[in-house]
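Read from first to last, the chains carry the letters A, B, C, D and E; within each, the first residue is number 1.
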Amino acid sequence: MSNVTLNNICKEYDNGYKAVQNVNIDIKDKEFVVLVGPSGCGKSTTLRMIAGLEDITSGELKIADKVVNNLPPKDRDIAMVFQNYALYPHMTVYDNMAFALKLRKIPKNQIDEKVKEAAKILGLESVLTRKPKALSGGQRQRVALGRAIVREPKVFLMDEPLSNLDAKLRTQMRTEISKLHKKLGTTFIYVTHDQVEAMTMGDRIVVMKDGFIQQTATPQELYENPNNMFVAGFIGAPQMNLIEVNINEENKNIVASFNDIKISIPLGKGKILKKKGYIGKKVVLGIRPEDIHMENVFIEASKETSFNAKVEIQENMGAEIYAYLNVGGENVTARLNARYKLKDDEEVVLAMDGNKIHLFDLETEENILL
Amino acid sequence: GSSQDSVGDKVNVDIFQFKVEAKDALEQAANMYMEKNPNVKINIQTVGGGDDYGAALKSKFASGEEPAIFNIGGPQDMIDWSEKLEDLSTESWVSQAYDGTLDPVTKDEKIYGMPFNQEGYGFIYNKELFEKAGIDPESIKTFGDLENAVKLLDSKKEELGLKSVFAFPSKETWVTGLHLSNVAFSNEFGNVTNAFNSKELKFKYADSLKKLVDLQADYAYMPDGKKASLNSVDYSTQVEELFSLGQVAIIQQGNWAYGSVVDIDEDLAANIAMLPIPLEGVKEDSIPVGVPMYWSINNTKDEEVKKASKDFLNWLYTSDEGKDLIINKFKFIPALKGYDTDNLQPQDTLAKEIIRYSNEGKTMPWVFMGYPSAWGQENLGADIQQYLAGNMTWDQLVEDAKATWAKARK
Amino acid sequence: MKTRKLLLGLIGSIIGLIYLSPFYIIIVNAFKSKKELFQSTLGLPESLNFDNFIEAFDRLDFFHVFLNSLMITVGSIVLIVIFSAMAAWMLERTKTKMSGFIFFAFIAAMLIPFQAVMLPLIRMMGKLNLLNIPGLMFTYLGFGCSLSIFLYHGFVKGIPKELDEAATIDGCSKWQTFWYIIFPILKPITITVSILNTVWIWNDFLLPSLIINKPETHTIPLRTFFFFGEYTKQWHLALAGLTLTIIPVIIFYFIAQKHIIKSVTAGSIK
Amino acid sequence: MKKNRLAFWGFVGPAVFAFTLIVVIPLLFGIYYSFTDWNGISSNIKFIGFENYMEVFKDKGFLDSFIFTTKFTIASVITINIIGFSLALLVTRELKTSNVLRTIFFMPNLIGGLILGFIWQFIFTKAFAALGEVTGATWLLGWLSNTETGFWGLVILMSWQMSGYLMIIYIAALQNIPQELIEASRIDGASACQRVKHIVFPLVRPAFTVSLFLTLSNSFKLYDQNLSLTGGGPANSTQMIAMNIYNTAFKFNNMGVAQAKAVIFFLVIGGITLSQVYITKKGEVEM
Amino acid sequence: MSNVTLNNICKEYDNGYKAVQNVNIDIKDKEFVVLVGPSGCGKSTTLRMIAGLEDITSGELKIADKVVNNLPPKDRDIAMVFQNYALYPHMTVYDNMAFALKLRKIPKNQIDEKVKEAAKILGLESVLTRKPKALSGGQRQRVALGRAIVREPKVFLMDEPLSNLDAKLRTQMRTEISKLHKKLGTTFIYVTHDQVEAMTMGDRIVVMKDGFIQQTATPQELYENPNNMFVAGFIGAPQMNLIEVNINEENKNIVASFNDIKISIPLGKGKILKKKGYIGKKVVLGIRPEDIHMENVFIEASKETSFNAKVEIQENMGAEIYAYLNVGGENVTARLNARYKLKDDEEVVLAMDGNKIHLFDLETEENILL
């Protein structure tokens, strides 16, 4: 059993800065939890408190049901992978991985066995005698992982382990870490500020901002039902379009309008708006780029959510196109199939998928529909 | 302290001395003595590098590792170190000291130092050159004689292969500020004690001293042809280079220069002698002779250590073996009587000259140990450099000398 | 481009020769007799005569004093390196007022002229019975740690803190972290610190003369100064002795210099 | 927390202990002596308040040596840094001889200060003279015989010795300049001189801070080379403060006054170097 | 006119390494050309030769029809943006931008005008007095651009200008640079190793490998008709699936088979295979992840190209899923709509879009179909 429980954890630095506030997370055994959020939101601080590198100001931290607030790192049975790997530059790959075991006075042959095994899992067998300097970025990353693996810890902590890699390697290592998690069956706590990583790797994602947790949920849940505008904007690329609109009732229909564009809100959502008293008020309408469509069939069927737009610029991604549109003065991004050949400054008609519309309170930024 | 003074049952005698040139001889003497007196262990420490004995001695005492035997230089040292000095007036060698040599270290009938040796200085000249120039050194008694000889030499520079007549190391302020000025002041004060006690300096013989300075400077080798550059001429240039290579004929130095010359040219060293330093109209046919340093014994040491120390010094200067060492190894001119036998006569040409002058009574005392602390070098010597550089007239120098003397004695 | 490089190479060689010329004077004169030395200071020696070296070797009791010097230098360097590295690491990693103050004090001490503390120091060393080789090493530590800590401190700044933390998580105590992780990484700056301190300690005259001036503990400079007498300097021997003295340091420097370039860098700049 | 403090002192303790014993306590004693009439020998020491300090302010020799030291420091700090920097520029140009030159330029540091002074005395008075006589250049004659040549002699000696040391610091700094900045300036149209002036120079400023600190404090404290090269002469005109203090203490046996001078001196160079560090640090860039 | 012509350009470094070999590119006035390729393929070297930072070993380089082989950088009328921006850290933003103009001794007021204008274009007005250290990554990037803009050069050179930015900023700056290119109407030569950048920004893309040009074409052309396997694999993310297959004729149909999987090759392509004599031989079949479909309708219609697969791991990207599949022992990636909820280890049926199949020679790796 290696569940990790954070109970009302707070962290105030010596200079009085409150980096983490009232954080509650309940991480189950073998779960892969990702902490995600913009730079400076307190992810690393949280992780470092779990590791024991940072004192906990208040709250209770349990690992395997045991309170560990005052235990030094080495007694917490955790391993950590650092953003910059923190490999010992003067030791070979082998020694880097064996170091923690040597300190634990584990017999030589056992160490050897474990290191070799980890090296095999990570495909590092051929570089065991090299120093970190002589490794490529991806290899270094794997050594950092290996160093953690050999320890067979209860909990794996990783602080942006992929952020120093280039795009291709990052994609590749992402799957490798996922595979590793499956293979080891250990609890993983993973910090990143990259939402793609969070989405693709986590069993559950904790979204943080300014020291507070914004939402804790599975990736799909997070993507489909973001708690608030921040989560909505943070998760998904290209970003969800967020447009300030006026809500009015027109002929029994609830209509969101901005400038001269009018979008009908589907019935169910409209009802909630009405119930919560948003008629006549301003709210923020959110629609993801992939929920804007250009297929004629679709547009025909969705007259109430269609609108005119002018193509400002477009990016060809091969299989699809990101179209940056001007819709009644607002910037809107749409993700379209590459078969549509758009011209710059072309006027086009598009339609939103009404079911995928999100609505947020202008003040509190909370999701109105939840 | 006492515990560290004796190792086992041996008496430990630490000697802290300044004369690098005497280091080997002293060690030899100590070894001989220890062989005879197995209960004594003599440890010798020598301060290398020249003139820093004062500082070294102070730090030695400050460190607590006080030596049993050390050196002091004159009246001022005697007063400064008075807390540490053992009265030696009951020692047997005292009666053998030459007249006046104990004055600088005598106070209230007590004698605090044993003379190291005697040294003397004058105008050392190259006999061969004098011969070639047709000058009879015997005839030079007065300043006028000297001046004429110098002029003659100067006129024959080329044929003699000379760069100039003199080499004048005004960089070495001890040569000018101490030794040369001593010629004037020993005649002004008569002896060290007077000098030491004098509140003021009259500088009676300023003019005669000026002549000595001018004569040497005017006819000296000047590196860049200007007088001011004399201030870069040091002992080594003067003695080892210019004089020993036969490039100048006369230098004002003492018997210690023999060692320097002999290192360069043995033949030349055998062919040099000393002219008097004539203070015009005052005392002309003589040279200054004195005691440069004294041995002292630390009175805070245990009696047995003090006794062993005294015994060692006694043995060194009065036993037959010791005397032999003093003459033939140390190459000293003894400051004590009783070195009369033939085998105890110094061999080097300059020492012989000093003894000749002494025997003829043509000496004047050393009084520069009676100058105020560092005055001779730091004030007078520096002023002479200024004078040579043309930054100061002789009159200003005289005034400044008087003023600084008076200030120091305030 | 090519001619420009050639020109620079030429300028470099000329300046190099100028820098070497004093060494030329040292070496050629080490082969001359005293007389020859004064007769022609700049010329080549008449013959390649090793007499001066033999005599200097003898008079210095070179083997013996060399061992003394070696022991003192190595011992002091070990002390300086270990304690300065330890202190610098802690001072850099601890962000408190106290550590800032201590660091400042170390730096400020670089401005103290030695003469100002000489006598009180000797007096205290005497009281503490430290007028011996261990005492001398300890003194070198006291005087040497300022610059060394300064250099180490700068270098430590460049070592990611995560390395310390990784070690902590791997189960190291502070002590283990320092010895297993930090100290090995400090190697380049350690070599710099060693070179700079070696150059100083190997050639130092004043401190040994004050603290260990006994024949059996003499260092090379103490002996070399016996060639400088009250009046006469035995230049021919002194220069031969000097050549003997600096050869070991030059060899040491040659071996270590590959690292020094990288190191003073890291130490002093960042 | 308590454990942290223990570890802190465990690591810092030994150095602090040695430092306190060897530097701090003697310094405090030294300050104490500056208020006494101690002559360095006697065991009865009298407290005399600020008398020694008054004495110092009346001492013209001290003032002269202060002025001389300041002049020397200015000149040597400038020349050492310029030469050191130029050497660094030279040997970072990927010449075939770079490595050899680096060694050669550093070699002067391998000789101790006192001996170095003697050797240069030898060079100035003998080698210069020989050269001067051969070439007929009279300015090569009579070196060290007056204040100017003594002054420049010291500056030359120190430049020869220290510039290699600084070169190493500057090399490090130069190598830290990203190559792209140099290339960017080439594309921006800067000539070699403009590049050094506008780009290289500002970027090695942190090295300047360190180098200035080291050269300033070294030049101010200079003793060995001063003693053995000019001995302060002629007429004490090249006597630097350290030597003045030394002589006061050991030649004039005025330990109290000497300590007072040392204290004043320490305060002054402390003030100067610290403000130097403050000023130069302010203009530094972090990359 | 500011066209750039590279004529048989070669570069051999002092150590004998041939970094660039026989490169021919003809860049038209106002064109946006992207050099792309894996690390070490010689992109930077090529760019730096154009800039004049590197000597040209052989060949002829013309800018605006003038041979500039021996002209120093400052006389080539080019501007360059470096990967790490190479901002002068000791100068303010203003001075950074003004530096080149000052060196040209342009009057103060003109400099001021130009800098202010560039700052306006780039939205840097409020940070003109700051030093680079006090800027965010994106702002630094813009200053680097600004420094180039004020020079009004004939040609703009950029060496991976976005690679130091994080994912979000990178996307944003990408569009900004595209906009800038439109606005300035200058020739742009842009180096990147990121195929997304290349695809989205370039009018034309030059793909390089090992110092040689592999293909020069528009993004769409490159995506749809890659010259060879290298280009096919390099362009597009996730990467094109490349599978070694045996080509046989079965009942008049040309069939590609591997292990127990069989895929029918569409008629037209089959003909070419036959004509070129590939029957009975091995070739490499390429299919892009988005050209593998799971819609039942599609599978029904494409029986000949359907196959069974086992889901190994999947990455949820929000709007879609990357499924990493095991197809008869080969790893195949499919890009599926997020509405398919796959389970790990699930067996599924998929089908390729036959029209989108690429075929490559096993030896030469050339595209057989071109």
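Here, a contact is a pair of C-beta atoms (placed from the backbone, for glycine too) under 8 Å apart; a residue touches a chain by one contact, two chains touch by 3 or more.
Owing to the predicted nature of the structure, the values given are computational and were not obtained by experimental measurement.
The set of chains touching chain B and also touching chain E is given as D.
Among the remaining chains, the Cα-based centre furthest from that of chain E is the centre of B.
By number of C-beta pairs in contact, the leading pair of chains is C-D. A straight line joining the Cα centres of chain A and chain C is 55 Å long. Our note on geometry: chain B versus chain D, Cα centroid distance of 37 Å, whole angstroms.
With touch defined as above, chain A holds no residue shared between interfaces to two or more other chains. Contact with two or more other chains is made by residues 49, 58, 62, 241 of chain B.
Among all residues of chain C, those that touch two or more other chains are 118-119, 123, 205, 224-225, 228, 233, 235. Taken pair by pair, the chains that touch are A-C, A-E, B-C, B-D, C-D, D-E.
On the side of chain B, the complex with chain D involves touching residues 49, 52, 54-55, 58, 61-62, 80-81, 83-84, 170-171, 173, 222-226, 228-234, 237, 241, 373-374, 378, 382-383, 385-386, 389, 391. For chain D in complex with chain B, the residues that touch the partner chain are 39-43, 114, 121, 124-126, 129, 132, 138, 141-146, 149, 231, 233-236, 246-247, 249-253.
Considering their complex, residues 163, 166-167, 171, 174-175, 178-179, 182, 193-194, 196, 199-201, 219-220, 223, 235-239, 288, 290, 313, 315-320, 322, 324, 335, 338 of chain A touch chain E. For chain D in complex with chain E, the residues that touch the partner chain are 178, 180-181, 183-190, 194, 198-199, 202-203, 205, 285-287.
By the touch criterion given at the top, residues 51-53, 72-74, 78-80, 82-84, 86, 88-90, 99-100, 103-104, 131, 133, 147, 151 of chain E touch chain D in their complex.
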